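I'd like to ask you about the structure that follows.
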Amino acid sequence: MRTGAIAVGVLLLVAACTVAFLVGGVHLSIADLVAGRGEEGQTARLLASLRAPRIGLAALVGGCLALAGAALQALLKNPLADPFLLGTSGGAAVGAAGAALLGLSPLLSPAAAFVGAAAASLGVALLARRGGRLDLQRLLLAGLIANAFFSALLLAAFSIASGEAARSMLFWMMGSLADATPRKVAALFPYALAGAAVLVAAAARLNLFSVGEENAAALGVDTERTKRIVFLASSLLTGVAVAFAGVIGFVGLLVPHAVRAAFGNDQRTLLPASFLVGATLVVAADAVARAAIAPVELPIGALTAALGAPVFAWLLLRTP
Amino acid sequence: MSVIARQPVLYAIASFSLLVGCRAERAKPADRRSVSSPHRVVALAPNLTEIVFALGAGDSLVGVSEYSDFPDAARRIARVGGLEVDAEKVAALRPDLVLAMAEGTARGAVSMLQAAGLPVAVVPSGSLDAVLSGIRLVGARLGRTEEAERLARDLERRRADVARRVAGRRRPRTLLLVWPDPPQAAGGGTFLNDLLREAGADNLVADRSGWPVLSPEYVATVPVELLVIPDSEQTREAYARAFRSGPLSRGPVTRARVVRLDESALTRPGPRVFDVLEKLAESLS
Amino acid sequence: MSAAAPNRLEARGLVADYGAAPVLRGLDAAIPAGAIAAVLGENGSGKSTLLKVFARVVAIGGGDVRLDGERLDALPRRQTAQRIAYVPQSVDLVFPIRTLDLVLQGRAPYARGFVAETADDRLRALEAMRACDVEALAQRDAASLSGGERRRVFLARALAQEAQVWLLDEPTSGLDPRHRLEFLETLWRIHGERGTTVVLVTHEVALAGDLATRVLLLKDGRTIAQGDRASVLTAENLERTFGAPFSGRGSRFALRSAVLPMGSLEP
């Protein structure tokens, strides 16, 4: 089962990347790319150099979000858990907004977003502490509160922001892979790798958590340590994803659902498969965002939300 | 520290708000109850302020929009809010004429002022033709029909001159950006599109209406020959960055000719737009 | 505590919270190896919490808890999980899980890192399921099982865990007579075969009367009596524990079975 799922995931991802590379508002001619000279060759190569890092970034971001979502769903024993539920996206948005309002260089935006995400995660975790332990129920509630609070802050910031700040905030909040560079991909990669390694290593423990926290404790798991590690790793993955690409919602919620429906809930399969399918989804969504109403780009966060919400509603309706 | 934007990005924001669904619909046409020669006038948009001054009625202004900074004398007049009209302030000034923009002044604000019994004139501005009829309308309401007619005729003459000069010339492939990153251009149906066309340029995105936000892919590969960008203190840095390392740093756009036009003149549908028209047409020759 | 060897499980002055309120307030308990110990008490008396402390699901707030003479909280968790199996009263299965995989979770304390279950693990799991008569359910989604089937599956899991101590929280609650009988017969059989120490939480006096070799009566987080069945199960003690009148045989009822011994409150 496991190798089958991974194989399917890899195939889908490769297919998506290929299509995404070829597709877009501007036509990319492979002939020109490979053998073209002069103007055509230059344009083709330029286009390729724009699309490749973008696809790379999309894949990494999608993978991180889906993986974080899968891990959180297992940890919280809640199929509706989503990395953005825990306040991380709100914090990241406020971080980026703050940087924009202070007039900081947009180059610092990702760093500011990550700081915001980290602060939000930490704050939410502290709120959810109860007698020295991390209370998972309170974690969800604390996350909801945090998001509501951050939304209010964002609206306030938006209303007093200058043109430049407001624009960068808005595009950032809707998600954008537009300024993907190889350097960004290289910067994101180690974080994605670290977070993914930690979570996949915790797969067996997460299997126990998905039956229940008490279940895991009774079977010898150090639950406090596991909770902390999984929560931190998920927050890290979510924070960097949002820092580099803005708010792209529903991926962390729906991809684990889909993979679970197809391949079951064994975390040792679900986690890596979710990463691959999440990557595929965002690569595909980005291709649609670029091609649908070219030369105008759809904001990818709006796209995933517009598609994700009805899919999610359908999922809710069909569960008995 | 960022500064609350002046009018420079008014259009961008207003139209962007249109993009994200804010309501800035067309307001109702001019109100009949008016004084023949008003001496307490409030202008709710900077271009309207400029028109009033251009008609020689500057000292009848008692309140102007936040971003009114041309001519210099306008800076000394009381502010009544920017995109958000401060209706209370307007009412407190006891105006006998309020000038609002057809596109851009929120309909809600206009209705509110009308409901308060204030005479409101809604001035069209969506095209060069509209600017001219707008000047005439304001002139009529201010009791300055002669000055308005003189000004309008002068502007029409200059416009026709330009048309003659550009006739038969090759039209360079052009993009007019109102924002560098993400790159947002003036599309069809906007008065900036009219400006480009009449100045002899070929607007590459004329087939897209409104203010399309362009994908970086497009900007990096489109064979643009001329790039027209607004120049202002606030946006200079952003454009510089875009040229250095942003969406304007790659592809044919780096070899395009760049024409910088004063932002306030470029984006305000008033008499100065015709200065810009001439300057642009000249740059193209 | 008259045995030469230490008791299998022992608590002295145990204090523990569950949630906000303190539940165990200085509880003493001694459970000898191989006993079937019934822990009786009202709801809220702390019997489930006691089990959870033994299972290391709830932390020790004060006092001493020992497993075979060693302090429980000083032992590595993996080790205690290999020696103590916990069967909760109910488990809400939110995600789909194959019954076999649920039983295989019992092998988790023996697992090395990320590796999947070994063939040996699978063997033991299937054997355990056979012993509990749930082998046929192996491929089914555990969420689709009936209450009785699920209880026996968790019993199989405890068996697969190869623990010397089983902690069962209200194992017969909600079971209809047939499933209750099946469960108890399985339990009895396995206990007979392996000498497992069983700690059973229940508020059914009859169950204690039928099965237990040791009885603990809990009230308000403390033990008011513990010892062998005959000496502890008196009308007076039961009245103190439950606040309800008991007579020698009055409120008792028992199921007749060829397998279970039918003990009685002989004076």
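The letters A, B and C name the chains in turn, as written, and every chain counts its residues from 1.
We adopt the following convention: a residue touches a chain if its C-beta (ideal position, glycine included) is under 8 Å from a C-beta of that chain, and two chains touch if they have at least 3 such contacts.
Just so we're clear, the structure is a prediction, and the values are computed from it rather than from any experiment.
Peer 1: Mapping chain-to-chain touches, which pattern fits: line, ring, star, complete or other?
Peer 2: Basically the chains just string along in a line.
Peer 1: Based on mean C-alpha positions, which chain is nearest the centroid of every protein C-alpha shown?
Peer 2: Going by the distance between chain centres and the overall C-alpha centre, it is A.
Peer 1: Taking the mean of the CA coordinates per chain, how far is chain A from chain C in Å?
Peer 2: Computed from C-alpha means, the inter-chain centre distance equals 43 Å.
Peer 1: What's the distance between the Cα centroids of chain B and chain C, rounded to whole Å?
Peer 2: For chain B versus chain C, the centre distance works out to 80 Å.
Peer 1: Using Cα averages as centroids, what's the distance between chain A and chain B in whole Å?
Peer 2: One centre to the other, that is 40 Å.
Peer 1: Could you say which residues in chain C touch two or more other chains, in rising order?
Peer 2: none
Peer 1: Considering only the defined contacts, which chain A positions touch chain B in the complex?
Peer 2: Residues of chain A touching chain B: 24-26, 43, 46-47, 50-51, 101-103, 106, 160-167, 170-171, 176, 178-179, 290, 294-297.
Peer 1: Would you pull the chain A residues touching chain C in the complex into a rising list?
Peer 2: Of all residues in chain A, those touching chain C are 74, 77-79, 131, 200-201, 203-204, 207-208, 210-212, 214-215, 217-222, 260, 264-266, 268.
Peer 1: So in the complex, which bits of chain B are touching chain A?
Peer 2: Touching chain A: residues 1-5, 8-9, 12-13, 16, 20, 179, 181-182, 205, 208, 212-218, 220-222, 234-235, 238, 241, 246-247, 250-252 of chain B.
Peer 1: Provide the residue numbers of chain C that touch chain A in the complex, in ascending order.
Peer 2: The contact residues of chain C facing chain A are 17, 52, 55-57, 77-82, 84-86, 88, 91-98, 101-102, 105-106, 108-109, 111, 113-114, 116, 161.
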